[in-house]
Each structure stands twice: as structure tokens, then as C-alpha cells.
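What follows is a set of structures for review.
Both of the next two complexes hold chain A, though its partner changes from chain B to chain C.
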Partner chain A sequence: MVQIKRLQEDGIDTLAVIGEIDASSSIELDLSIAKSVGEGFKKILVDCSSLEYISSAGLGVFMSYIEEFKDKGISMVMFGLNEKVANNFSILGLADLLHICSTKEEAKQLVNELSV
Partner chain B sequence: MNYRYNIGCSLNNLKGIREFIRTSLKNYDIPELELSAMVLAIDEMCSNLMIHAHHCNPDHKIELCILEPSEGVLVFEIIDDGNVFDINAFTEPKMDNLIHEKRKGGLGIRLVKSIMDKVEYGSKDGKNVCRLTKIYKKDNE
Partner chain C sequence: MAYFLSIHPHLRARALIRITFLGAFIAWLVLIFSDVTILFSDIRGLHPDIPVWLPRLMFDLYVLCLFYYYKFKIEKEESLNFTDLLWRVFATGLVATVVSLGLRLILFLLGDTALATNILFTDVIYHINLALFLSFLMAAFTSWKRLILYQKSKWLIRVWTVFEFTLLFALLYDSLNSGTNGTLSTIIAIMLGGLGLVLSANMKWVAYLNFKQKWTSLLLLVLAFFYLGYFFYTTTRLADFIGIQSTSFLDFREHTFSLSIFGFVMVYSLFSFLVILFNLPTSSVFEQKLEEVVNFQRISQSIQTEQSEESVYNILLESSVSSVFADAAWLEIKSVSQEDRLFTYGISEPETKAIQDHIINNKIKGALDQGIDKTKNLSKHLGSLKGARFRSLLSFPIVVKGESIGTLAILKELPDGFNKEMTRVVSTFANQAGISIENFRLLEEAFQNERYKEELKIAKTVQKSLLPENLESNGDFDIAAFSQSADEVGGDYYDTIRINDHKVALIIADVSGKGTTAAFHMSQMKGIFHSLAQQELDPREFMVRANKALVFCLERGSFISAIYFVLDSENGEITYCRAGHCPVLYYTSATDTSAYLQDKGAALGMVKNMTYCNMIDVYKIKYQKGDVMVLYTDGITEAKDSKGVEFGYENLEQTILEVKDKGAREIQEHLISKLFDYSGTDDINDDFTTMIVRFK
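Up next is the complex of A and B:
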């Protein structure tokens, strides 16, 4: 089960992902990102500090937006991944395709730099 | 060791599968990252099977067994009676294509093949058996 909380500040939409994302819950992540995009946000942060697990269904959601973000000039940066979750991104080589930072401060700085 | 778990084909049961594997293997000194990767691979296999062979019908059952044929070797058997979903018959989609086509699927097979040492298919008592083998190093070695 996953819960996604959204918080907007300084033009940045932060999605805090809490819990586990598998094939039964990846739709929630997809809907939240789609909502953020639909509302016109160009800077999206994904707070993964309370993300305990992610399977390919969730990884696939992040991947499916790469092209759309490029087309629409949207930047997304993830932060706070625990070691197990980060490993799942690494196995697929996704860590090189997405922007991943350790802390919120770094992520904020990067998302601002990317959208210049 | 021989652990068994019977599950209905509902994606809501994936969490139970992950917990079953962790509980069964908690005393095996498996490094956390390796254990997490195994949990992930079995989650991927079971969700594929539930979706593609059983259309998420909770009345359809699959069985998961964990065996340790020798020290440092784990075998996960997934037994069902649906259509065989042989991941060896699928070519892994290229990452570039997946990104370009904005596809959300196709990553699971890639994960399973990266994590497990062997994926074999067979049958037993008229049922399909998928055997996934993982060789691991114990934490204290």
C-alpha cells in the first residue's frame, strides 16, 4: 500500500511517497505524477525517504515519463532513497536515466538548475 | 528446509508473498541487499503470472516453495496450473525502446534475469513449475 502526499512551495511540487509500490499500487504513483503535470508544474521533487519498497511496476512509471518530461521541459528529481530501493533502480541502470540526490536540499538545488 | 505458501491470484497478495519470503529466510544470514533483490525477483515473477496467466482471478491459486538444496543455494519454486508464462521465451526490451514507447511494463523480466542465477520451467503432477535458483554468500563469509 502506498500513500502519496503533495506539497507545493516556491513553484516546486513535492510528492512524498510513503509505503510500498508494487503492481497493485503503482497506479497511485502514476496518477499523482499525471496530476502534477496536468497542473502545469515544471519542477517536481519526489521524496522517497518513506518509500520502503519499489518493484518494476513503480520503476516503470518513473521511466514512462522520461520522454514526456523532456518534451514539456519538466524536471523531476528524486531524493532520500534508502539503500534497498536505490539498489532496485541500479539493477536496471535507471539511476543513470533519472535524477537522484541524497538530500532534499541537493534535490531542490538540482531541480532549479535543471529548469534554467 | 522447505517453506510453502499458497496464494490467490490477486495483486493485493504480493505484499504477503514478500513477507513470507522474508520471514522464511530471516535466519539464513543472507546479506540484506541480496535478500531484497530475491524478494523483488519473486514479486516480479508472481505478479507476471497473476496478470498474464490468471488475469488476477483471486480464485486461481499459485504455490510458492522455498528450498535449500545445498548450502548457499536457494531454489524458489512457483507452481500453478495456468498457461505457461516462460520469461526465457521473451527477449528483454531495450531500455531505449521502453523509454521511447513510454511503456510501463517489460522491466520485470529484465530484473528477474539480472537477479537470479537460473530460471527453469518444468511440470510436476500436471502443474507448471517455475524454478528460480539463486546462489548467495552468507553475511559472515
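Up next is the complex of A and C:
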């Protein structure tokens, strides 16, 4: 089960993902990102510090937005991934496609740089 | 007796009926003979050769035999209904009366001859009549017993038992003391009278007769009265005639028993007659209630017997109309997917439409729309519709799963044709119909699910056939593979194909997600593998083309991770390209070390544009004898134990090292059994696949 908390500050939408993302809960993640995009945010941060597990379906959700973000000029940065989750991202080759930082400060800086 | 008990109960009952009948007949013969002898001796002033108590004893025996005869014949016969019982009594009476009338005819023909006036001859005639009379009384007694004890209570059974034993006591007491003058006889008579009256108040069976049966019963009872009167008159006359000349004969009038049983049969017949008569006007109400129950059952059972919802609707229409004596009804079923359906009874569709339109045009709020949840009496609105024959209208919603799916409307030509009771009955019907329809739909769903299951089973066998039965091998290596799906069908794929005499292509792939969708993509992957691998493509080129093909097939968010290998035995080289799949575990025998191959590569179907070729790389390894290459899907590393801890990469590596010197098949079997041990079940909640390549 997953819980997603959204927090908006300085034009940045931060999505804190808490729990596990599997095939069924990935829909929730998809909805949250879609909502953020729909509200017109150009800077999105994904806080993965409380994300314990992510399945291939969950990874697919992040992946599915790559093209859309590029087209709309939206930048998304993820941070705080634990080792296992980070490994999952890197195995899939998503680490090269997504922006991943270790801390929130770094992520904030990166997202601001990217959207300039 | 033991023999009797062992034979079939039906045959036993028949044998008992015959025995009791024979017993009664013999007792009666002895009775006549002894009574005539005593009477003869008395007239001649002689002392009789036989004891004077013999006729009385035989009379008791006769009555007891009759009692048991009718007990087996009437009381135990379960197939008899109420009118059948009355009919039995009537038939017995008819036979007895016909025989008696026959005797009268003979007497009439004999005229005033010496024989006709002979006291002994009269005694014989008297005894025949008395026997017939008693036989009729006992038949009636047994039938009445069944009627009285219908829907019995413990208390009623007790009263009846007391009544029967008192009668038996009276019978025995009579045969010990001739004459009804004793105080005890009076007490017995009063007691029997009281008990008889109490028992006669039990008339529950009358309520269950329908109108026709009530008339039949009345007729049968009238005839029974006639028989009773006739026999009482005949036997009394004959007894009087004999009594003038001698008192030494068996006079039934001195018997408390005979008189009591006659009185009881008479009283109960009279009570029954009156109760039935006064119940006649209300019998239609009972019948209506009964019909409601039957109709109700029909609706409930229609779900099991009927083939379609339509039948349920039609039964609902008929039942509602017949239960409230309506003239017409219609049923409108709204549905999202189909057109609205209209079922009518006793009314044409145009007429229905006219009434519906009238109600809609008059903007009668909530009248026939689907939103209503209450029964509505709309009769007053019909008055304003010209040319309509109906003057009363009731509408009911039909609710399935808390949602109104239609309206039931009941019409009558009479104004104010529906009372509260009728409204309640029909709304109950509508509710029941809702339940039936809901059940019906659930049943349909269950059937549908069953069919899907069957189809999934077929899909499973089809998918099984997509995985190769035999894997390629040559002198350099052996391959063993194992795959299992969490659902009926899964998204894991592995395969081998021989490119030429020294090159073999290998693939392992995992479609994101599980189940049917994954299975479809897996079959696409197989198609891609088989068409591209044969073209002797460089692994990078293979991946680029596969990605290009898959990007447009996979839906948003789906991808396939894969590793494609080309094993070249000519120069002992593995060329591979990893597309987001779990890293290969490679054991090098020369250094006795194992490691996960670190390389880069993005999964297939994620990137649409041409940049994909930059996201993957081709790697080469020289293999040597004794090396082991372990390919797997994430179902293996992510398999959890009871505490939720994953199997992980280290466990996998350790497990392989334990059997590094064994053949491919043994390594694979060891890994899978380890995995099952670890998870504590062989039902792992993910698709998992492993492929072991062992070089030799």
C-alpha cells in the first residue's frame, strides 16, 4: 500500500511517496503525477525517502512521463531513494533517463536549474 | 410375529387389514350364533348350553377388530385428504345402507310369512343391521379422529387418548353389566359427552378446504346424517320388536359404548356441517391467501427453473394480477445497455404508452419515473385521461441492489379498486421479484466467471507452449530453465535459437506487470526474438530493432526488460546486450569467483526516439570450461520469506556457489528448491524464471 502526500512551495510540487508501490498501488502514483501535471506545475520533486519498494509497474509510471515532461518542459527530480529502490532504477536503465539526487536540497537546486 | 416384522411395512399393513377383517367377521358370526341360541333357549324356557356372556364378549371383539381394521385402513393411509376421508365415511355408509335396504326388500317380499315374523329370524336381521351400523360408526369415528387431530397439540392428543380409553372402558363395562342403569354408566356417559364436546371443537381442517371442497363436504355430511338416522331407526325398530318378546338378546340401546359413539359421530358431523356452512362465505379469502403464498413461491423458485429474466417478469405480472384481482398490468424495465423493455398483461402497448404519456404530460411528479422508492397510488390521475378503460392505477418500483430497475403498474377498471392490503401484497411481490432478478444476474455472473476461468486455463496451455520445450545445446554448454507464473498466465519469457552451426542466440525477458496483459506482450517478444535472431544481428542492433517494434505495441507505462546473448562456440565468446534486465550472475571457474556483471542498458519500450541506441551497450566475455551463467527474473531475487525479507542477490550467489560444479539441470533444481524453502511455499506471488548455462 502506498500513501502519497503533496506539498507545494515556491512553485515546486513535492510528492512524498510513503510505503510500497506495486502493480495495484502504481495507479495511485500515476494519478498523483497526472494531477500535478494537470495543475500546471513545471517543477516536480518526488520524495522517495519513505519508499520501501517499487515494482516494475511503479517504475513504468515514472518512465511513462518522460516523454510528456520533455514535451511540456516539466522537470522532475527524485531524491532520497534507498539502496534497493535505487538499484531497481539503475537495473532498468532509468537512472540515465530520470534525474535522481540524494538530498532534498540538491534536488531543489537541480529542479530549479533544469527549468531555467 | 418376527416374520411379520421383517416383511415390507406396506405388505404388513395389508396383511393386518385382512386379519382384522377376518377377526371381525368370525367374531360377528359367533355373536349371531350365540345370541340366537340364547334367545331361542329363553323363549323355550330352556337353560342355554352356552354362557350368556359369550355374545357380549363377541360384540367387544367385533368392535375391537373393527377399530383396528379402520385404524390400518383409514388412519394410517397418508395419501387421504379431507374430502377423501369424508368420502370413505360416505362410501362405507352407502355400502351398509344398500345391504340393509336389500334386507328390507327381502323382508318386504316375504310379507307376513311365518319366517318374517319369526323372532329368531328378526334377531339375525337385527344383528346384520347392527353390525353394518357399527361398521359405519367405527369408520366415521376413525375419520373424525384424523380430522380432529389435524395440527394436533400435545394437550389434544392427551384428551383424545383419554377419550379412547374411556370408550374402551365403557365397552368392557357394558359387557360385564347388562343395563345402562348403573351410576358408573351415567358417569361414563357424562364423561364421554364432555370429552366428545371438547374434541368436537377442533375444526382446523375446515379452513384448508377450498370452495368446491366445502360444498362436497357438506353434501357428504348430509348423506352421513341420513345413514345415521336410517340405521338408528332400523336397529331401534328391530330391537323393539325383539324386546317385546324377550330381553335375552344383545340390545345395543343398553350399551353406553354404542350410544356414546353414535352421539359423538353425530355431534362432530353436525359441528362440521355447521362450521363448513358458515365458512363458505369467507372461503374465497382463504383461497386468495393461499394463492398469494403459491404465487410467492413461484417467483422465488423461478430463478432456479426459468431460463431468463423475462420469465421472472412474466410470472411477476401474472402473480400480481391474480393476487389482487386486477384487470391489467405492465412492467417496464429500464437498462443502461439495452433498450427499455415493456411487458404487458391484459393491456396493449399503445394503451400503456397512452397512460404513461398522460402521466408525464400532466407532470405528475415521480409517478412512473425510476427514481421513486415508494409505491404510489395514481388512480386519481387516470380520471382526466379520456377514453381509458382503467380507473385505478398502482405503481411499484423494482429494486435490484438498491437501484430501481423498473416499474410495475397494476390497473383496474373499477374506481378505487385497491385497498391497503392489496398494495402491500403487490409491493411484496415486486420486492421478491427484485431479489429473484438479482439472484438471476448473480448466477449469470458466476457462469461468466466460470467461463473466463476456463478460457484462462486455455490461455495457460497456449502460453506454456510459447516457452520452448527443448533448449539448444552443443558440445560447449548445457542449458536448463524453469519458469512459473503467479497467475494463470505470466509475463516471463526465455528462449534459445540456433543461428548457425557455431552460434546460438539466448534470450530472457520480463514484461512489466503480470497476468493477461503481460502474457500478450510476452508472445510479442517471442515473435520479435524469432524473427530478429535468425538475421544474425549484432546484440545492440537486435535491441534497437526490438525496442522500435515494441514502443508502438506496449501501452503507456509498460516495458520489457531483456538480455540477449549470442554464444559463439567457434571462439568461445559470449556477446550480450542488457536491456534493463536483472544483471547476469557469472561464475568463473578459473578464479573460482562469481560476480554480477556490471553494465548499462535501458529496458525495451521506454524510449521512443532514436536515442535508445545510446542507452545500451554490447559486452563480450570469453567463456571457459566450468563457467556458469545464471539468468533470472526479479521474481527470484524479490521472493519473500515469511517475514517479508527478500531472497536477494547475495542469497542467489551463495546458492549457485553451493552447486557450482554440478550440471545445468542440477544447479537449476537446487536453486528452485532453495527458493521454495526460503519462501516457505511453492506459491510465490510473482512470475519467476531462471535459466542456467553451464559451459563444459
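As a convention for this text, the second predicted complex is superposed on the first by the 116 of 116 C-alpha atoms of A that agree within 3 Å, B and C clash if a C-alpha of one lies under 4 Å from a C-alpha of the other, contacts with A are read in each partner's own complex, and residues count from 1 in each chain.
Heads up, the rule we're going with is that a residue touches a chain if its C-beta (ideal position, glycine included) is under 8 Å from a C-beta of that chain, and two chains touch if they have at least 3 such contacts.
Fair warning: this is a prediction, and the values are worked out from it, not measured in the lab.
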item: Most chain A residues touched (candidates chain B, chain C); value: B
item: First, second, both or neither for A:Ala57, with chain B first and chain C second; value: both
item: Which of chain B and chain C A:Leu97 touches, first, second, both or neither; value: both
item: Touched partner set for A:Ala34, first chain B, second chain C, both or neither; value: neither
item: First (chain B), second (chain C), both or neither touched by A:Ile66; value: both
item: Which of chain B and chain C A:Ser24 touches, first, second, both or neither; value: first
item: Touched partner set for A:Leu7, first chain B, second chain C, both or neither; value: neither
item: Overlapping contact positions on chain A, where the chain C interface meets the chain B interface; value: 23, 26, 30, 56-57, 59-61, 63-64, 66-67, 84, 91-93, 97
item: Residue numbers on chain A that touch chain C, as the complex places them; value: 23, 26, 30, 56-57, 59-61, 63-64, 66-67, 84, 91-94, 96-97
item: Chain A to chain B touching residues, read off their complex; value: 1, 20, 22-24, 26, 30, 53, 55-57, 59-61, 63-68, 83-84, 87-88, 91-93, 97
item: Interface residues, chain B side, partner chain A - complex; value: 11-12, 14-15, 18, 32-33, 36-37, 40, 43-44, 47, 50-51, 95, 98-100, 102-108, 110-111, 114-115
item: In the complex with chain A, residue positions of chain C that touch it; value: 510, 512-514, 556-559, 561, 579-583, 600-603, 606-608, 615-616, 634, 646
